[in-house]
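By letter and in written order, the chains are A, B and C; residue numbering begins at 1 in each of them.
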Amino acid sequence: MSGLVETLAPGLLYPTGGAILFALGLYGLIRRHHLVLRILALNIMGSGVFMVLLGIAARGEGPPDPVAQALTLTGIVVAVSATAFALALVVRLARLTGNAIILPGPPDDDAPVDDISRLEHHAHTEAPEHIEPTARSGERR
Amino acid sequence: MNLLLVVFDLALLAGLIGVAWRCLASTDLFRAVVLFITFGLLLALAWVRLEAPDIALAEAAIGAGITGALLLVTLERLRVIIAGRRSDRPDTVPPDPSGPGAALQALHDPPPEPRTRLPALTFALVVGSLLVTTLWHQPDAAGLEPVVDAHMDASGVDHPITAVLLNFRAYDTFLELAIVLVALLGAWSLGRHDRIPARPAPGPILPGTLRLLVPVAVVTGVYVLWAGSHQPGGAFQAGAILGAAGILLVLSRPRRMPPPPGTLLRLGLGAGVGLFLASGVYGLLAGHGFLGYPPGWDYPLIILIEVAATLSIALTLVALFIAGRPEGDDRP
Amino acid sequence: MTLPGEAWLTSGVAGLIALSLLLAVLATVWPRQAHRIGIAGALAVNAWVLVLGAVFLNAGPEPMAAATRVALGSWEAPLGLMLHLDGLAMTLLALTAVVALATSLYSLGYVHDRIERRQFWPLWLWLWAGLNMLFVSGDAFNLYITLEVVSLTAVALVAFTGTAAAVSGAMRYLLVNLLGSLSFLMGVVLLFGEHGVLDLVLLEARAQVGPTERMAAVLMTAGLMLKAALFPVHVWLAPAHGSAPAPVSAVLSGLVVTGSFYLILRLWMGVFAPLATPAFGVLIGLLGVAALVWGSAQALRAGRLKSIVAYSTVAQFGYLLIAFPLMLVEPTAWRVVVFFAVVHALAKAAVFLAAGTLQHAAGHDRLVDLGDILRGRLRTVFALGLAGVSLMGLPFTGGFVAKYLLLEAGLGTVLAGSAIGVLWVIAIAGGGLLAAAYVLRMVAPAFHQGRIRRGEAVSAWMDWVPLGLALVAAAAGLSGTLVLYTLSLTPGAP
C-alpha cells in the first residue's frame, strides 16, 4: 500500500494529468470548428503544459522549484494576452464575414482582392449601429 | 493520510479532465465557456496542491477571472453581431443549418462530423501516450531550486518567485509585460472600440455592490502587490485584481465612461515596460549588465517597477476587455 | 581582465537589444511620432549592427573558441538568462537589419494615413525587436517568449488591411502559431524536467540520446515547422502572406519564416545533434522535394501576383529541408544553407515590395489584368525580375552562388556513395527551372504588346526601395565569401 502511495506521488500524477490535458486540447482543436472553442482548446493545452511544469517542480524532496513556478506565471500571462487578442480577431472576423469559423479552402486565389473589399464595405453599411467605422478601408490609396 | 491525498489528487485530476472534456464537447458555446471557467478554478486548486500559491492566485485572477470575462463578452458581442445581421436582412435566405454559416446561428457549434474522429483520436492518443511515457522515464532532477536558494541574499527580495521574476530572469518578465502590451496594440489595430453589449442592469444593486466592491478590490490589489516581495503575490496578480475591478466599473456604466485622453492612456499602458527598460538601460550603462540593478538599489527599483507594472497590467486588461481603441487615440 | 574586443561585443549585443526595445516602447507611448522614431531607429540599428559586425569579425579567432555569451543583469546561467552571439546569429542580425531598413523606408510611402501609421509602426517595431531578440537568445524558455512576441505582432500586421481575406488569413495564422508555440513549450518543459536547466549551452552539454530528447525534438521541431510553414504544414502560409500589406508580406516571407528555420537549425546543431540519423535526414529531404514540387505547382497556377510570391516561399523553403540530408553527409553544408536562406530572404522581400507597388498602382493584383501596369512601370518590373532572377539562380546573382554551392554539396553526397543524393541534385536543379517558370509568369506581360498605364501614383519610396533591395539581393553573391566566413565563426558547429 505504501509502495502504491509512493508511486502515485504528485510529481508523477500531475505531469501525467498535464499530458492528458495537452492531448485532450489537441483533440478538441482538431475536431471543433467554432473559433471560440478552438481558442478554449488551445488554452486547455496550455494548462496541460503548465501542469506538467509545476508537477515536475514538485518532484522529489524539498521545496518546489521557484524557477518553474515563475515560468508558469509568465506562461499564464502570455496565454491570457494571446487569448484576448485572438478573441478580438474572432469578433472582427465575425463582423466581416458573419462567421466565427474559418471557412475551408484558401480564400486567396478564387476571390480577387476588390471583391473581398466590396464584401467588407457591404458588411459595414449593413450593420452600422454595431460597427464603428474603422479608420481604414479595404483599399489603400 | 497520504492515501487520502492520493485519492484527492486522483479525484481532482479526474474532475479537471472531465470538465475539460465536457467543455470541448459541448455544442452550446455559453456552456463551454462556463465549464472553462470552472476548469480554471479547479486548476487553481491543483496549483495549491502543488505548493504553488502564487500560481493559484494568478490562475484564479487571470486564468479563470479575466479570461472568463473576455470570453463572456466575446460571446455577447458575437450574439449582437448575429442579431444585427438577421434583423438587417430579413429577406435573405438564412444559411443552411448544416452548412458552415450555421456556426453563428445561435452561438452554437454543431457536433463535429464523425469522419475526423478516428484520425484525431489516434493522433491525440499517440501524442498523449508518448508524453506520459517520456515523463515517467524522467529522473527526480533537483531543478534550479538550490541555485536560486544560494543567491536569494543578493536578490533584494525575500520571496524566491519574485526574485526569479524581477531579478534573475527579469528579461523574461520584461518581455511578458511587452506581450500584454503587444496583444493590446494588436487588438487596437483591428479597429475602434464599439459599445460594450452590456444588458442594462436596473436597480440599485449593481451600483451599490460596486461601491463596496471596487474599494475592496483596490485594497486587495495593493496588498497583493506589497506582499509580493516576501510572500505569495506580486505585480501580475495585483494587476489582474485591479483589472477585474476596472472591468466591473466599465460594465456597470458602459455609456457614461468618459473617453480617456490618448496621451495619458498611452503613458499609463507603457509605464511598466518603460520604467523596466529605463532601469535596464541604466544598468547596462552603469556596468551592471542590461536589466541589472546597481547594488543596494535592487529592492527599491524592483518595488518601483512592480508598481508601474501593476498599473499598466490593470489598464491593459481593462483595455483588452473593451477591445477596440478609444476615440481619443485617433485625435490629431 | 577580458579582452577589450570581448567587452565591446558583450555590451554591443545587449545594447542592440536595448536599442530595438527602446524604439518599440517609444513608438508605443508616442504613436504620433512613431514613423519618425521608426525611421531614425532603423538607421541607428543598421549603424549599430554594422559596427557590431565589424567588431565581431575583428575579434578574430577569439569567438572561435566560444560564442560570445552575455549574462543579463550579471546573473550567469543556469540561474540567469544568457544572450548568445555567434557567426550564425550575427549573419541573421545583419540580414534582419537590411531587410527591415528597406521595409521601413517602403512603409513610409505605403502606410501614409495618419491614423494607420500610429497602429502600424509600434507593431512593426515590436516585431523587429522580437526578431533581434530571437536571434541572440540563448535560453530555451526565453526563445518561447520571443517567439510569442514575433507571432502576435506578425498576426496583427497580417490583419492590418482589415479585409475579410486578411483577417481570416490572420486568424488561421494565429491558431497555427499558438499551436506551434505550445508544442515548442512542451518540448522545453520536457528538457527542463530531465536536465533541470534552460540554458541552451548547458542543455547541449547534458543532452544524450534518450526518450526526453526524442520527444522534445519531435515537439519542438514540429512546432517550429508549423511556424516556418515547412511542408507538410504549410497550408496557412499563402492566405496569410498573400493578403497582408506588402511590407508585412516582405518581412513575413523574408524574416519571420527564416527565424523559425534558424531555430530548427540551431537546435539540431546543438541540443538535438546526437539524434540526427541518415534515415531522418532522408525523410526531411523528401518533405523538401515535396514542398518544392507542390509550392512551384501552386505558384504556376495562382491567379494573383502576391499569391505566386507566397507559394514560391513554400517552394523555396523546400531547399532548406533538402539541405538536412546534405548536412548529414557533408557537415559544413549548413553554411551554404544559411547563405541560401539569406539570399532568399533578400530576394523574396524585394519581390514582395515590388509586387506591392504594382498592386497599389493597379488597385488589384490579378495577373490577367495587370499587363498594362507592368508595361507602364518598368522600374518596378525590373526590380521584380532582378530579384526573381536571384530566386531562380541565374549566374552572377546571389541566388546563383547559393544554388551552385548547394548543388556542389549535393554532388558531394552522390560522390560519398549515397544513391538518394541523385534525387537531391535533380530537385535542386529542377527547382530552379520551376522558379524560372513562375518568375517569367510574373514579368512576361511587361513584354507583350498592349496598353500602357502607370495607374495610381505611388510615392518615391515605393518606387525606388524595391529596386534597391533587388540590387542588394543580386549583389549578395559577391558577399558570399564574407557570409560564409562569418558563419564559420560559429563554435560547436562543424
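Note that contacts are C-beta pairs under 8 Å (C-beta built on N, C-alpha and C of every residue); 3 or more make two chains touch, one makes a residue touch a chain.
Note that the structure is a prediction, hence the values are computed from the model and not measured.
K.L.:
Looking only at C-beta pairs that count as contacts, which pair of chains has more of them, B-C or A-B?
P.N.:
More contacting C-beta pairs are found at A-B.
K.L.:
Could you work out which chain's C-alpha centre is the most distant one from the centre of chain A?
P.N.:
Relative to chain A, the chain whose C-alpha centre sits farthest away is C.
K.L.:
From the mean C-alpha coordinate of chain A to that of chain C, what's the distance rounded to whole Å?
P.N.:
25
K.L.:
Mind checking the centre-to-centre distance between chain B and chain C? Centres are C-alpha means, answer in whole Å.
P.N.:
31
K.L.:
Any idea how many Å lie between the Cα centroids of chain A and chain B?
P.N.:
That pair's centroid distance is 12 Å.
K.L.:
Taking each residue of chain C in turn, which ones touch at least two of the other chains?
P.N.:
In chain C, the residues touching two or more other chains are 115, 141, 145, 148, 152, 155-156, 159, 162, 167, 186, 190, 192-193.
K.L.:
Where in chain B do residues touch two or more of the other chains?
P.N.:
131, 135, 138, 141-144, 148, 168-169, 172, 176, 179, 182-183, 186, 190-191, 330
K.L.:
Enumerate the residues of chain A that touch no fewer than two other chains.
P.N.:
Each of 15, 22, 52, 56, 59, 67-68, 71, 74, 78, 81-82, 85, 89-90, 92, 103, 134-135 in chain A touches at least two other chains.
K.L.:
In the complex, go through chain A and note every residue touching chain B.
P.N.:
Within the complex, chain A contacts chain B at residues 1-2, 4-5, 8, 10-17, 19-28, 30-34, 36-37, 40-41, 43-44, 47, 50-52, 54-60, 62-74, 76-85, 87-92, 94-95, 98-101, 103-104, 126-127, 129-135.
K.L.:
Mind pulling up the chain C residues that touch chain B in the complex?
P.N.:
11, 14-15, 17-18, 21-22, 24-25, 28-31, 70-75, 78-81, 114-115, 118-120, 122-123, 126, 133, 141-142, 145-146, 148-149, 152-153, 155-157, 159-160, 162, 167, 186, 190, 192-197, 210-212, 214-215, 218
K.L.:
Which residues of chain C touch chain A in their complex?
P.N.:
110, 113, 115-116, 141, 145, 148, 152, 155-156, 159, 161-165, 167-172, 174-175, 178-179, 182, 185-186, 189-190, 192-193, 198, 235, 238-239, 242-243, 245, 302-304, 307, 310, 359-360, 363-366, 456
K.L.:
Flag every residue of chain A that touches chain C in the complex, lowest number first.
P.N.:
On the chain A side, the touching residues are 15, 22, 29, 35, 38, 42, 45-46, 48-49, 52-53, 56, 59, 67-68, 71, 74-75, 78, 81-82, 85-86, 89-90, 92-93, 96-97, 102-103, 106-114, 116-117, 119-120, 123, 134-141.
K.L.:
Which of the residues in chain B end up touching chain C in this complex?
P.N.:
Contacts found on chain B: 130-131, 133-135, 137-139, 141-144, 147-148, 151, 167-172, 174-176, 178-179, 181-183, 185-186, 188-191, 266-267, 269-270, 273-274, 277, 280-281, 283-284, 288-293, 325, 329-330, 332.
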